[in-house]
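These are the structures in question, set out in turn.
There are two complexes below, and they share chain A, which is joined by chain B in the first and by chain C in the second.
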Partner chain A sequence: MTALSQQTIDATRKNESQLLASWQANLDASGASRDSRINHAEFETQTRDFLRLLLAGTNNGDSANIAASEWSDVRAFLDGLSRSRALQGFDSHTTANFIFSLKRPLFELVHTQYASNPTELGSQLWAVTELLDALGMYTVRAFQKSREEVIARQQEELLELSTPVVKLWDGVLALPMIGTLDSQRTQVVMESLLQRIVETGAEIAIIDITGVPTVDTLVAQHLLKTVTAIRLMGADAIISGVRPQIAQTIVHLGLDLQGIVTKANLADALALALKRAGLTVTKAT
Partner chain B sequence: MERIPILRMGDFLLVTIQVDMHDELAMTLQDDLSDRISKTSARGVLIDISALDMVDSFIGRMIGTISGLSRIMDAQTVVVGMQPAVAITLVELGLTLPGVITALNVERGMSLLRERVQSE
Partner chain C sequence: MNVLRSGTQAVRIEQDVVLARQTARKLAVEAGLRLVDQTKLVTAASELARNTVVYGRGGDMDWEILEEERRKGLRLTFRDQGPGIADMKLAMTDGWTSGGGLGLGLTGAKRLVDDFSVESAPGQGTRVMICKWT
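After this line comes the complex of A and B, so read on.
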């Protein structure tokens, strides 16, 4: 590992403002700073802060090891930057480019400093490259992490959003299921439906599976569990929305849905529910 | 010793479980209830478990057993007020309690019992 020499660090410190100007010019040229999602002033503050932290880091610590505690400020800054970029919807390329576009101004600076000493020039260029690459990679990793957090949160929200329990009639609840049924979702669905049965005192719950793309043995088992739990609580369950393909799959798989009332569509299920409740629908004359 | 009270209401017996069930208590209840059914020749038993928020496989099986033995002694049994968490637990344990009649609350359970007894 090659470390930055004191001469390079001093030169960087002396030419800080010039470096900053040429870095910003570089970012401007690539169009990164003219994005509508981030304003120019904010961008300038970020470049200035980063350069200041970078200098502090090189001064105190070993440039070959950015995981050391001397670099914690720089790392914290990059964490924050990556997170805000991820939330603003930037891609990883643009985020990493923030660091990598500093390479050119730094290279030029090193070049002028060691114009007469090619050996030293080579080793210092290598040190600068290593440092910036490490910081760039760190940024990308942090960016990726924040993106994954965003995705995980969205998944959770989706899970809650996708299970509404609707009241169809007095004492009749319906649960339109949309999307694939896995164990976790079934659990959430089951809990919210049972809770609503307790709250409303509904005697009949209709589970509509029109929006469930496929039914395999596992899904059938989940459905059976839900229906059994509903029965244990003292209510009745009807499964509606069994499409022809799904009916075929169920028969071909040899699944046993005995004891479960199934209907082709929600209207039939509602008609049955009304009939059980002793209600009739008549046309007003 | 702690006991679960069994109340008589006309032709029916009323059991309300208000405390945490443990195995011994469950066994005592089973004995007491069969005794009372034979003494009073009750036609129906209503077991209210709305205050029960935790079950294990033993208690789950006990609910099934009580229901089964009262049916043999010619008393219809209705289990009412099962909490969602309890229902989910029983299903996950594989205890689907076939043959046990359930209702949402005591009121519905009572009317269900009357219907069933009348139709006999």
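After this line comes the complex of A and C, so read on.
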């Protein structure tokens, strides 16, 4: 790897303000700094801060190894930048362009410095390219990581949101299940349902599977386990939302749901629950 | 028998089971299967795709939309390079499982479709074909 020469480093330090201006002009031209998601003053601060850190990095550390401790400030800055860009909804292209648009101003500077020395010019251009590429890659990687964190958090939120336990009546809880029932979700569902049974002292829990598109043996196994656990807590379980096509599929699969009370829809299940609680619904006249 | 359209989809991880199911449902609609038959085929596909992931250590699902005389059909083939099935008779017994399931996946899938075939030998992987006609 080629390192930046002292002459290049000195030149960049001397021309810092000029570099900054032409970098910002470059970013302006690409439209990156006029994005409504980020305000212009903030953008300028970011470019100024980064250039300052970059120069400090080249001055103290080896430009061929940005993983070294001398570059930790630069890396921390890029981590923060990538994270905020990811949260603001920018794409990886725009985020990486923040670094790559610095190439041109730096190239121009190197060009003027080594106009009379083509060999040195070539090697310094290469060094600058390598440094900026490494920083750009680092930014993309950090960006990707922040995005993945966002996705992981959303998945968790979805998991929580997708399993609401609702109280239909005194002593009657309902759990409308939606989507795919994998092991992880069933676990969350079971935990929150059992917890609510304890809290409310409910005697009947209705599990509604209207929103579950496919009931295969794994889903059935999860449902059976949940029902067994509900019974162990001293409550009764009713499964509702068994559509005709699901019923026929269950029969052919050979699943044994005997001993489990099932109903075609939630209304029927609630009616049964009320009946068991000794309540009747009458029309007020 | 004509093949109208065909394709292949990877079934490697647990999430692929969901994707295989979605593909199966989309194709079943395209083939013109009734809602009950769609559900049956999708459920069978779900069982077999999960077997492919859990017991076959991942594989592929081939799909074909078929046309024969006046009926159309959807054929799915699940292939894996896993350990294979040592005792086919036992594997096709209701309630028997080598894992922790209910032991109804393979036999249940067979009952849910019109055509069913399974080929396997120890160390040679497993190939399960299912077909449902309109």
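One rule holds for everything that comes next: the second predicted complex is superposed on the first by the 285 of 285 C-alpha atoms of A that agree within 3 Å, B and C clash if a C-alpha of one lies under 4 Å from a C-alpha of the other, contacts with A are read in each partner's own complex, and residues count from 1 in each chain.
What we mean here is this: a contact is a pair of C-beta atoms (placed from the backbone, for glycine too) under 8 Å apart; a residue touches a chain by one contact, two chains touch by 3 or more.
Quick caveat, the model's predicted, so the values are computed rather than measured.
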Touching partner for A:Leu53 - first (chain B), second (chain C), both, neither: neither
Partner chain in contact with A:Leu19 - chain B first, chain C second, else both or neither: neither
Which of chain B and chain C A:Met177 touches, first, second, both or neither: neither
First (chain B), second (chain C), both or neither touched by A:Thr217: second
First, second, both or neither for A:Val198, with chain B first and chain C second: first
Touching partner for A:Ala86 - first (chain B), second (chain C), both, neither: neither
First, second, both or neither for A:Gln245, with chain B first and chain C second: second
Residues of chain A that lie at the interface with chain B and also at the interface with chain C: none
Touching residues on chain A, where the partner in the complex is chain B: 187, 190-191, 194-195, 197-198, 201, 203, 225, 228-235
Chain C residues touching chain A - in the complex, by the definition given at the top: 14, 18, 21, 25, 35-36, 38-40, 42-43, 46-47, 50, 94, 101-102, 104-105, 107-108, 111-112
Chain A to chain C touching residues, read off their complex: 180, 182, 213-218, 220-221, 244-246, 248-249, 252-255
Chain B - residues contacting chain A, complex: 79-84, 86-88, 90-92, 96-97, 100, 102-105, 108-109
